[in-house]
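Down below are the structures I want you to see.
After this come two complexes, each holding subunit A, first together with subunit B and then together with subunit C.
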Partner chain A sequence: MVAIERGSLWVLAAAMALGLPGAALAGKANDTLVYASDSEPENISPYHNNVREGVIIARHAWETLVHRNPKTGAYEPYLATSWTWVDPVTLDLDLRKGVTFHDGSPFTADDVVFTFNYVLTPEAKVVTKQNVSWMASTEKLDDYKVRIKLKGPFPAALEYLAGPTPIFPAAYFKKVGLDGFAKAPVGTGPYRITSVDSGKGVKLEKSKTYWKGSPLGDVAIGKLEFRVIPDGDTRMAELMTGGVDWIWRVPTDQAKQLESVPNVTVLAAETMRVGFLQFDAIGRSDSNTPLKNEKVRQAISHAIDRKAMVDNLVRGGARVMNSACFIDQTGCTDEGVPRYAYDPAKAKALLAEAGYPNGFDIEFYAYRERDYAEAVIGYLRAVGIRAKLNYLKYGALRELNRAGKVPIYYQTWGSFSVGDASAFTGVWFKGDEDDMSRDASIKALLDKADTTIDLAERKKTYQEALSAIAAKAYLFPLFSYSTNYAFSSDLAFAAQPDEMPRFYAARWK
Partner chain B sequence: MTAPAPSSALAPAAALEAVPPRRSPTARFLRRAGRNPSFMIGATVLAIIVAMALFAPLITAYDPYDQDIARRLIPPVWHAKGSWEHWLGTDKLGRDYFARLVYGARISLLIGIATVVVSGLIGTALGVAGGYFGGRVDMAIGYVVNVRLALPVVLIALAAAALVGSSLETVILVLGLLLWDRFAVVARSATMQVAHADYIAAARAIGCSTRRIVLSEVMPNILNPLIVVATLEMAHAILLEAALSFLGLGVQPPLPSWGLMIAEGKQFMFFSAWVIAIPGVALASLVLAINLLGDGLRDVTAPENRS
Partner chain C sequence: MLLYILRRFGVALSVALTVSIVAFLLLHLSGDLALAIAGPEASPAQVEQVRIQYGLDKPLAVQYLDWLAGALHFDFGRSFYFRETVAALVAERMPVTMTLGAIALGLALLVAIPLGVVAAVNRGGWIDRAALVFCVLGQAIPTFWLGLTLILVFAVNLRWLPVSGNATWAHFVMPAIALGWYAVPAVMRLTRNGMLDVLASDYIRTARAKGLRWPTVLFKHALRNAVVPVVALAAVQFGFMLGGSIVVEAVFSMHGLGHLAWEAIGRKDFPVVQAIVLLLASIYIGLTFLADLINAWLDPRIRVA
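This part shows the complex of A and B:
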């Protein structure tokens, strides 16, 4: 534990004194858990955003057909009570009876059929299509039984049904449309959304009609409030003054110091989020971009000291990644995948071979962990690549990249907490909007791997695809993330490696 | 030659010449400057900062871009854990803080001077034209100045940086195009005061061109107040750059800018206050020095009998 400097104590005391009036709404006394994070979902509908804050709300206000036990990894009944594979492309599910949506309407097969067929339509404009595109169609067998038809064999189907595929209320959604739904969403989850206030946050309340015997267990905390506070220091000050009860993504430097603050508990844990660099390998941003050259991309990969970044910047259990996926995902491996050791001399030699002995100027984009992005820029500068940082909001950067205007960027991906390699590689390499390399041979390998039932064969194919990605240096994986949670000592909270805080399982002490 | 009785700080330098000169104007200026404490303090501090900026590579052996993330956030030397190796410590990426500060002075001064050159040219040209020609020209220019004064500087600068992207050049250009109003107002009233002086009439009578009259007769006589305005605007521009960089729309990393250093140090404010305090003190000293210099300059160049 690091002792606080004497001078800093004054700053702290001042911050606490100034912040005290804000303390009225949060905490154990009001049975309201206020949690704060930096980003907010652009649309609260879980299919229409791809930020973690959206995933958190989705898992509290909606439910999926299958539940994955975070401790054992086993798939358990949730909205579906049982399921059988009729053949590799047909899955029959029996649905739970007696579940009601927050608006009082009963949950039936119609809701599942509507939701899954709706998200497959182009008009639905689902943000992360890989989450649903493995389904071909869903049909109703009876009021509490549905059949999902797959486009091809997809061994990770249950993993997806346990994650980014919540069920919407068909009648209500048809009535209000997506815009209405985003303002007043309705689900079956343990918490009911009571207000959505763009730019400020979301309020949730324990659902009185939540069904008994849910695998989520008994929900203890009465109210949840998500507050958007873009500035990290403000989040920290709010926590110290009792304005919020729970924050995360605290930079490790500050987390070490926060440990010495009374009434604050600090927890560090690895998550399945992976930070990486992605390159404009096909010259969409500029037909003469140096990044089209494989040697340049390899040079960049040799220029960055990931170990030093993990040891000094990220810390808290983060690991260096060598494959374009999170190493614990099914199918993800770095055995036999080409590795890029930190070797600035080699990087310079590769740049010279590629025809850039004096380096080049490039625009560099990032949206979070500015420190990490700046460290990468510092390493690039050391081998002669003069990168200029453009720091944007996530939504703006995503659109800029999809429009083909980003030469190189620092990106992170948390795979929607899906423990299967397809949730990572599928997004960045299967020819969709976020795919910057658009290599048909890699897409073919991934298509094969995603649909192979035999696990050994599947892993081997992923290994081939991941090796090809690394050899061509389309994407340079940096490290897995650790996140530092800091929360009120009144709160009993357990962190999970899938980067999914489960407030429904939290308790007041 | 007679001059109107000096009534304000804008009195032309010509007024000084009414006093029978015993010393040369330069010697007189230096003698008065030496007796003016705010001028001397401002000039000394500014000279130190300018010297730091000019001789940066001689002052520090470190490259401001060289990072060593294994040696990050080393505290400065007066701290128990500090050492003379990095006497102001290192930043969050292990870059030498003193080197960042010294090279950052270059950016601040560059922005200050370049902005003043751009805005000074625009403002003086408009002001002199309005004051010299008067009438409709003056009215039109007065209107343009009013329009400019109605625009909130920071807001426009933010919008412009967001539209065209932020870079050093953008910051200089945007600030230069925005900060000319005081030059215009001061140049206009100073020009109006000299426009009807006898020596201007004399120049006209011997057939000098308007260009020659403006450049050789008007300009030298309105220069002093303009120099004072230039110092104030320079301080203004440096502060605005820091504000824009702090908001993320000014100079972009990894360029060392004091505003950016303050922005980056913000996250360490609670526990390592020196990260934000050092560039903060540097920025405050520079702006204070320039303002003191400007104040002193105004007093020194004002006529003798003005208190």
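This part shows the complex of A and C:
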């Protein structure tokens, strides 16, 4: 499929040369916003997938207790109307009355209690445990009041309640089970899911029963349709011909050319997603792996010219990252964190010191942006590390890594759009299955930082943890991502850095 | 004849069995299945429970027979990725691939047979040469490239056809051309050679000597005989097309078996891969068997060979 990616330039060039007839944009006429992406959630239940396409659907079809205003960052009432901290591990929330699920059943405390207690059970097999594992239990105080008990103090609780913790309808879910729910999901969100077709896509329709006064504002567009189109060129051709109205992650060189296509608007924006390299620092893949050696990991960190990659490959507002988190997240900082300047000579010297004067051969894994991964491999080769690229689908790579078979990989993390450092570090350094370094001292520091209420103290502890991660080069942060959105000029669409397209706020011009 | 049929059937059956063993082993080479099914955070006790529940504690040969018995009833277990049975997934996607294959084959025959006839009649002429060039191109052009070119011309520039998907008949036109293209050269050359042989034969000379009109001779007497091996070839080509649909379905984002296979491989969804491999192989083997029978029925010399 690589060759297909490369063929796209001339596709565009030829289209431009021949001139495009006026686009027949079916979207506006049918009041249906069709958006396309390459992957689909393995299960539409928001707790049972961790792809961005799943997050988008989750934020349109379900609601959370708290809403974070994307402009001000303030936490606003959503399904909960108010909340109070009884003590650092007890949060009481008053729930909104008069909200109904898409199946007509009323939203009550039972739904919150069921959802939060269900996702904590091992049988629920929640994919990203980090999102819910801070809760100990939830109990009903009355029909519209719940109490969440935390496992320990967790200052980022509201941030999580405003993100990856949507509320399910208890009665319906118990009746149909996860399998039935995945096929016919029900939520309280501004859009109702009307069909789920594996491999094909998802259709949503504006909910007629959506409550008045929601912080999401008035929903303008009548129908949404998510289409899975695996090939990037096909997605572009669909956009140019009006078959779809919105695409994203358009490679920068192609985005430049799309700008000159009439009726297509291109928008480049930084996202919270951070690209990084992670190493098998404890020798799970091979007890003799060179990556166990700190100097080797540091050498790799010195070998890669991140600035050049940002300027030439990523572009569009992306920034070099020096800490194992997204720099704008609460608690994330790179002040005082050891940095690795691009210095191939130093990289070679470090390799020689580590006992690899002639470099070594290594299996390298990646799952997206093949060109970025190839650039990294090129830099590694320049200092003598002969990395062989294995390009896999995300799910397959995750499974392989969890089985301890990956020596080094190019990974990215969008933190589920959660604006708190814990959403990044918690996944990669707290001893869970994705933690490749399993360093108890770092876990201890993060445990402390995650649960410290005092903000200054909390930030200081994160800085300590992030410094330790960087010093030992467990994870080499590369850069934040930018994404190129391209959409029909009939569409008024604004991008947010959390990589969460808000179609409920979009409208037709 | 009966002996011949039985022998061919025996061969087909043993090939099918071999494929089923390979497909079965494919699943088991992927690592500990019980671990994969139970999920990464399952406790050792849960993994053991899954192992017993799925019969993974039995000897491999027994497991194979169990799986084969299931496969014969179209029961391929559950997908690791989608929360559905493999049979349901395959049944849902099958019609798209079959329709695509049938249209592609139809188009290929519609182009290749007349072209073969014309080339044979004008042997050595410019039409024959042009047909030969066309043949070479057909064999050399990669399917995905042809697919993208068709999108560029007919969808982006001319706007005659939709780019991708499989919602209406119009969505099948370009994928069918891209898929059928590859079958054209083989069918054309077989038609051409068959026609050349037949046209040189005595009965054609007799027919012409009787004073029959040339088109009557050509179509009623010559083509009818020349096209027979083409029918057998077409059956085999259909099998090829089912395999080739993997690329075409990805380019045109059609939701058939090919697309499912492509995704399933990426996701290590082995039960799905396994089922599709076995299914496509069985269809292919069945078609080849059919082609053998047709050939034998038409040409008595094959029966004794």
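Everything below uses one rule, namely that the second predicted complex is superposed on the first by the 483 of 509 C-alpha atoms of A that agree within 3 Å, B and C clash if a C-alpha of one lies under 4 Å from a C-alpha of the other, contacts with A are read in each partner's own complex, and residues count from 1 in each chain.
Definition applied: contacts are C-beta pairs under 8 Å (C-beta built on N, C-alpha and C of every residue); 3 or more make two chains touch, one makes a residue touch a chain.
On a predicted model such as this, the values are computed, not experimentally measured, just so you know.
In the superposition on chain A, contact of A:Asn312 is made with subunit B only, not with subunit C. Of the two partner chains placed by the overlay, only subunit B lies in contact with A:Asp253; subunit C stays clear of it.
Contacts of A:Tyr379 after superposition on the shared chain: subunit B is touched, whereas subunit C is not.
In the superposition on chain A, contact is made by A:Glu238 with subunit C only, not with subunit B. When the two structures are aligned on the shared chain, A:Asp454 is found in touch with neither subunit B nor subunit C.
In the superposed model, A:Lys125 makes contact with subunit C only, not with subunit B.
Comparing subunit C and subunit B on the residues of subunit A they touch gives the larger count to C. By the document's definition of touching, of the two partners only subunit B reaches A:Asp371; subunit C does not.
Legend: residue contacts after superposition of the two complexes on their common chain; A:Ser198 is shown touching subunit C, with no touch to subunit B.
Touch criterion met: A:Ala396 reaches subunit C, while subunit B stays clear of it.
Judged by the document's definition of touching, subunit A residues 4, 7, 11, 15, 233, 237 lie at the interface with subunit B and also at the interface with subunit C. Partner subunit C is touched in their complex by these residues of subunit A: 1, 3-4, 7, 11, 14-15, 18, 20-21, 24, 42-43, 122, 125, 129, 178-179, 182-183, 197-200, 227-231, 233-234, 237-238, 240-241, 243, 392-393, 395-396, 399, 402-403, 433. Against subunit A, the residues of subunit C that register as touching in their complex are 31, 36, 39-41, 81-84, 89, 93, 142, 144-145, 148, 151-152, 155-157, 159, 162-165, 250-253, 255, 259-260, 262-263, 266-268. In the complex of the two chains, the subunit A residues touching subunit B come out as 4-5, 7-8, 11-12, 15, 232-233, 236-237, 251, 253-254, 257, 305, 308-309, 311-313, 370-371, 374-375, 377-379, 381-382, 388-391. Residues 65-67, 69-70, 72-73, 92-95, 165, 167, 248, 252-254, 266-273 of subunit B touch subunit A in their complex.
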